[in-house]
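Dropping the structures in below, format is structure tokens.
The two complexes that follow have subunit A in common; it is paired with subunit B in the first and with subunit C in the second.
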Partner chain A sequence: MKEKHYGLAIFSTLVFIFLLGPLVIISVTSFGPGTVLKFPPDGFSLKWYQNIWAVDMFPKTFVTSIIISLLGNLLALILGVPAAYALSRYHFRGRDLLNAIFLSPVLIPGIVLGFTMLKYVLVMYQLPIYAGLLVGHTVIMLPFIIRVIGSSLSNFDFSIEEAAVSLGAGRLQAFFRVVLPNIRSGIMAAVLIAFLESFNNVDISVFMTGPGISTLPIQMLTYVQNYFDPTIAAISVVLMILTGLLMFVIERLMGGLAYFTKR
Partner chain B sequence: MKINKMYWLLLPGLLFLTVFMLIPIILTIGSTFVQEGKPTLEGYLYFFKDAYFNRILLTTLRVSVFTTVICIALGYPVAYYISRLGTRKKGILLALSIFPLLTSPVVRSFSWMIILGRKGLVNNALVATGIVDKPIEILYTPTAMIIGLVHLFLPLIIITLVGVMENVDSELIRAAESLGASRFTALRKVLFPLTIPGLIIGSVLVFVGSLTAYTTPALLGGKERVISTFLYQNAMTLNDWYLASVIATIMIVITLVVVGLMNKVATKLNPKG
Partner chain C sequence: MTLLSLEQVSVAYDNHLILENFDLKLEEGKLLSLLGPSGCGKTTTLRLIAGFLEAKGGKFMFDGRDYTHLPVNKRNFGFVFQSYALFPHLSVYDNVAFGLRLRKMKEGQVKEKVLRMLDIVSLNGFEKRFPQELSGGQRQRVAIARALVIEPDLLLFDEPLSNLDANLRVTMRVEIRRLQQELGMTAVYVSHDQEECFSISDQVAIMNAGKIEQLGAPTDIYQYPKTEYVARFIGFNNFLVFDGTRQGNTGLEWTIGDYGFDVQLQAGQSTANTYKGAIRPEDLRIIPLGQLTDLQKSLSNQVPGTVKVSTYLGRSYQFEVQTALGAFTVNQEMDIPIAPGQQVMITFPADKIVMVAQ
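Up next, the complex of A and B:
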């Protein structure tokens, strides 16, 4: 019964070349010695990797991006875990509406979200730029935290928690000692997925820059619009390696990549 | 736990989103209907009358429609191919689809700047094979935006459709074939109708995504504007926050209408309700 579809296999291969080819090309050009991006490159050199450190805005914005993503993640967990718990544990009036509100940041166009935050969070509320970045990134991470942890919780058998409570554990104690350990891998995956979402974000961060303040993607965007040397290609390779590592960890934690195919 | 105690769990997140997202959005929308203390629709009349804005809106729609159609044409067969593979191969191809999805859009758009530029791979190949005498302009045109956006959203539609197709019982297709249908007829009459709800969801994700994407048009579009880069330009370069708010409102309305329609149609088509 196994029938070979050579046509389909060739078509799929071509599509994957289209998807991955550009990423291969970017990697190869990053090792070129010339000052202009060229494929194929004329030789081999690592100088553009050294240049990442020479342009001090790159390491600086990299650190900013990491700090904003980590702090935002923490904040999103503090706000999101109790909400995800309530939304998946109880049925109550207005649950669907509340669920929709918590997931709504993915529905609003990012560029719109960024602009309205510039207008109100930075200008009207007068928050400093770093705080604005933190708040903005927390908002976009919340839906991912709620969705991934929510799906972990919906697989959790709450009668175990009830058992702990009936045996004398406090509500909080039962949550931290019984529920939390059981959804640990879901939480880790949520954190990593939200981290990538925040770390790669352009739409919010592009509105929240100041003298010497920016995130890495925005710094890359600005650099590309002014210079065309392989430094950005070198950074891209570093970022792709980090992405690959995180994806590997997510795959291990979730026991597969099924999260991405279920929406 | 008492039900009103449970609301306390939701309160911090809700307050946070209200203060930092809902209020800014509602006030931004509200601000477009008031000018110098008087209610007005002037911003919208101005927007829809002006030829330049109309051109931007049209470019945006055209780019998004093309992107969506190409994504489906390329993604549907690939998703079918992946969904019929064994676990191991399927896992590898899914991972290869998800990797670009998690890679920074700046990196992915930038890679097309290398490929499509005047001295890029495509132009070199065209000149070397004698198809054209001198490099053609691809980068900084709507075509470049479409290529970049297809590259950005194709993984999304592939993995969405793989998820849908995995739920279709392959026995159904075999049954149709054993009753005399050709493979193609079996796919068209059995598989295709069952994947329509997923196809709609995937298309809307791509369409809305292309309509509102910023990074790719900003890098590959050059001076060619789409609605999102136009919003940015008004907000940050021209400092016209009133017009930027009008554009933001239009983008929100378009997104909500398209997503709302999708939900309606998808619920109607989904046999499980």
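Up next, the complex of A and C:
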């Protein structure tokens, strides 16, 4: 087709500028030599990138964030995969209610959830900060795990599971040998989405962090309250690159898996 | 020897009874098909035998043992699904090897058995392919190989050919029958397709609303349906509703008003309460009334009528004939069809009328 869609082209360009503009501005300002965020910057310097490592709370909270997100992810998988399986495999009374309960953390405002968690997990049950943080992050990841894996199970042909059982497999064997390998891409996607959700979370973490233990986003928040130098821009750039890499790897992985699981 | 027997079994979905006090027996080495309209409980019966469904009551005996509460994976039955249900993430080889590996068989032995089975279903050379790289017929053969290789005590098929085109269906059904006979397997086969069932079975069970209406050899059922339901199901579209009997010229005759019908009963057939005769459209004969003498017109087993509709069927013509006893459908081969509006005489051959119960 020779027809040119000028309108569409202009519109897409505007959307891109609107979406990517701030990212570009942040990236550029992070290389400025001045002590305040300035666009365009007066020169070029990498000193704010060095400063990330100098402020030792940044590397420390980064590690905490990673550990909490990974461990929480694992816990959410252990709870979420069987739940998603049961919800899509069986029709039982109260299924819709259970579905709603599992998804409720996405529907409740983060602040409310965070406050409630603070009240129960930390105040009432006196869990250590680290454990409380882990519980909180497991709770926010669970709905994403259940929803994403649930959607890949919703068009799953369970007769292949029955076929495995008829060939002599036990229920668990059938699940691990036949169901799991065929929803691998769904699980990967769920893990990635849940990880990003947890890693970037502020509203729950803000209630669950305590003296000496914090997550990276909370630490960044604390930092901008006191300083206005481009360190925060530099750290954002590093996070963008890491997230981008993660997305790229998962995308490749899922693309590869999709090839094997296509019907 | 009776291998399989369901005794007074009931199955319900959410308190809705699908099978009630259901009985079924099957001899070793035979292929039984379940035939019936959609929703009559064929799949339910098959899944009950496989163990996917739990019976509410009754007993399932297999090879002299009580299988009623035995889990599916302990039954050693092969199940061939309508959707094939191949494992998408495994190659043809690994699909077929699946059941053997679960039995902890040595890889060398697995290989030998898988390759031999792929040879039997003519799929040599396809080991490395994935299910999505196969045609429908090839997938079906992998599904059959996968079920057969574990040397099951019973094979269960749920409409295994319904996703294939007509030609392939015929080829595959012959192949299934050949395999079943060669390997001496006992099998239960579900299908919608009458011709398919009749052509491959030792026994056919005609089902109606969760009950078996008639069970017998294909030829028996085809020729001598016992009930009106079975008769209608297998194409006896014409019924004579008798009102009594009388002594005719050649013996006892069944009557409808003044019309008399001589009926040749089957050996051992009881006629105590059967006052309905069924006959296929292709077994009726029609002749223009004008071609008959008065003497011929006075014979039994005849009803005069008027042709209402005539339809060309390719090999023959189908006529709708309106008579004093209701409408009848007649299929007859002829060069020049009888035109609608013409007066005709329908003949009901005595040996083609089958007495059926309501």
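The definition used in the following text is that the second predicted complex is superposed on the first by the 236 of 263 C-alpha atoms of A that agree within 3 Å, B and C clash if a C-alpha of one lies under 4 Å from a C-alpha of the other, contacts with A are read in each partner's own complex, and residues count from 1 in each chain.
Going forward, contacts are C-beta pairs under 8 Å (C-beta built on N, C-alpha and C of every residue); 3 or more make two chains touch, one makes a residue touch a chain.
Since this is a predicted model, take the numbers as computed values, not measurements.
On the superposed subunit A, the two partners subunit B and subunit C both fit, without a clash.
Shared-chain residue A:Thr243: touches subunit B; no touch with subunit C. In the overlay built on the shared chain, the residue A:His5 is in contact with subunit B alone; subunit C does not reach it. When the two structures are aligned on the shared chain, A:Ile78 is found in touch with subunit B, with no touch to subunit C.
In the superposition on chain A, contact is made by A:Ser159 with subunit C only, not with subunit B. In the superposed pair of complexes, A:Pro181 makes contact with subunit C only, with no contact to subunit B.
Of the two partner chains placed by the overlay, only subunit C lies in contact with A:Leu167; subunit B stays clear of it. In the superposed pair of complexes, A:Val106 makes contact with neither subunit B nor subunit C. Superposing the two structures on chain A brings subunit B to within 8 Å of subunit C, judged by their nearest Cα atoms.
Residues 260-263 of subunit A contact both subunit B in one complex and subunit C in the other. Note for the complex: subunit C touches subunit A at residues 50, 52, 72-73, 75-79, 81, 83, 85-89, 98-99, 102-103, 130-132, 146-147, 150.
Listing the residues of subunit A that touch subunit C in their complex gives 157, 159-160, 162-170, 173, 177-178, 181-182, 260-263. Listing the residues of subunit B that touch subunit A in their complex gives 1, 3, 6-7, 9-10, 12-14, 16-17, 20-25, 27-28, 74-75, 77-78, 80-82, 91, 93-108, 110-115, 117, 119-121, 151, 154-155, 159-160, 162-163, 166, 174, 183, 201, 208, 211-212, 214-215, 218-219, 228, 231-232, 235-236, 241, 244-245, 248, 251-252, 255-256, 259.
The touching residues of subunit A, when paired with subunit B in their complex, are 1, 3, 5, 8-9, 11-12, 15-16, 18-20, 22-23, 25-26, 29, 36-39, 78-80, 82-83, 85-87, 89-90, 92, 98, 101-102, 104-105, 107-113, 115-121, 135-136, 138-139, 142, 171, 196, 199-200, 202-203, 206-207, 217, 220-221, 224-225, 228, 232-233, 236, 239-240, 243-244, 246-247, 251, 256-257, 260-263.
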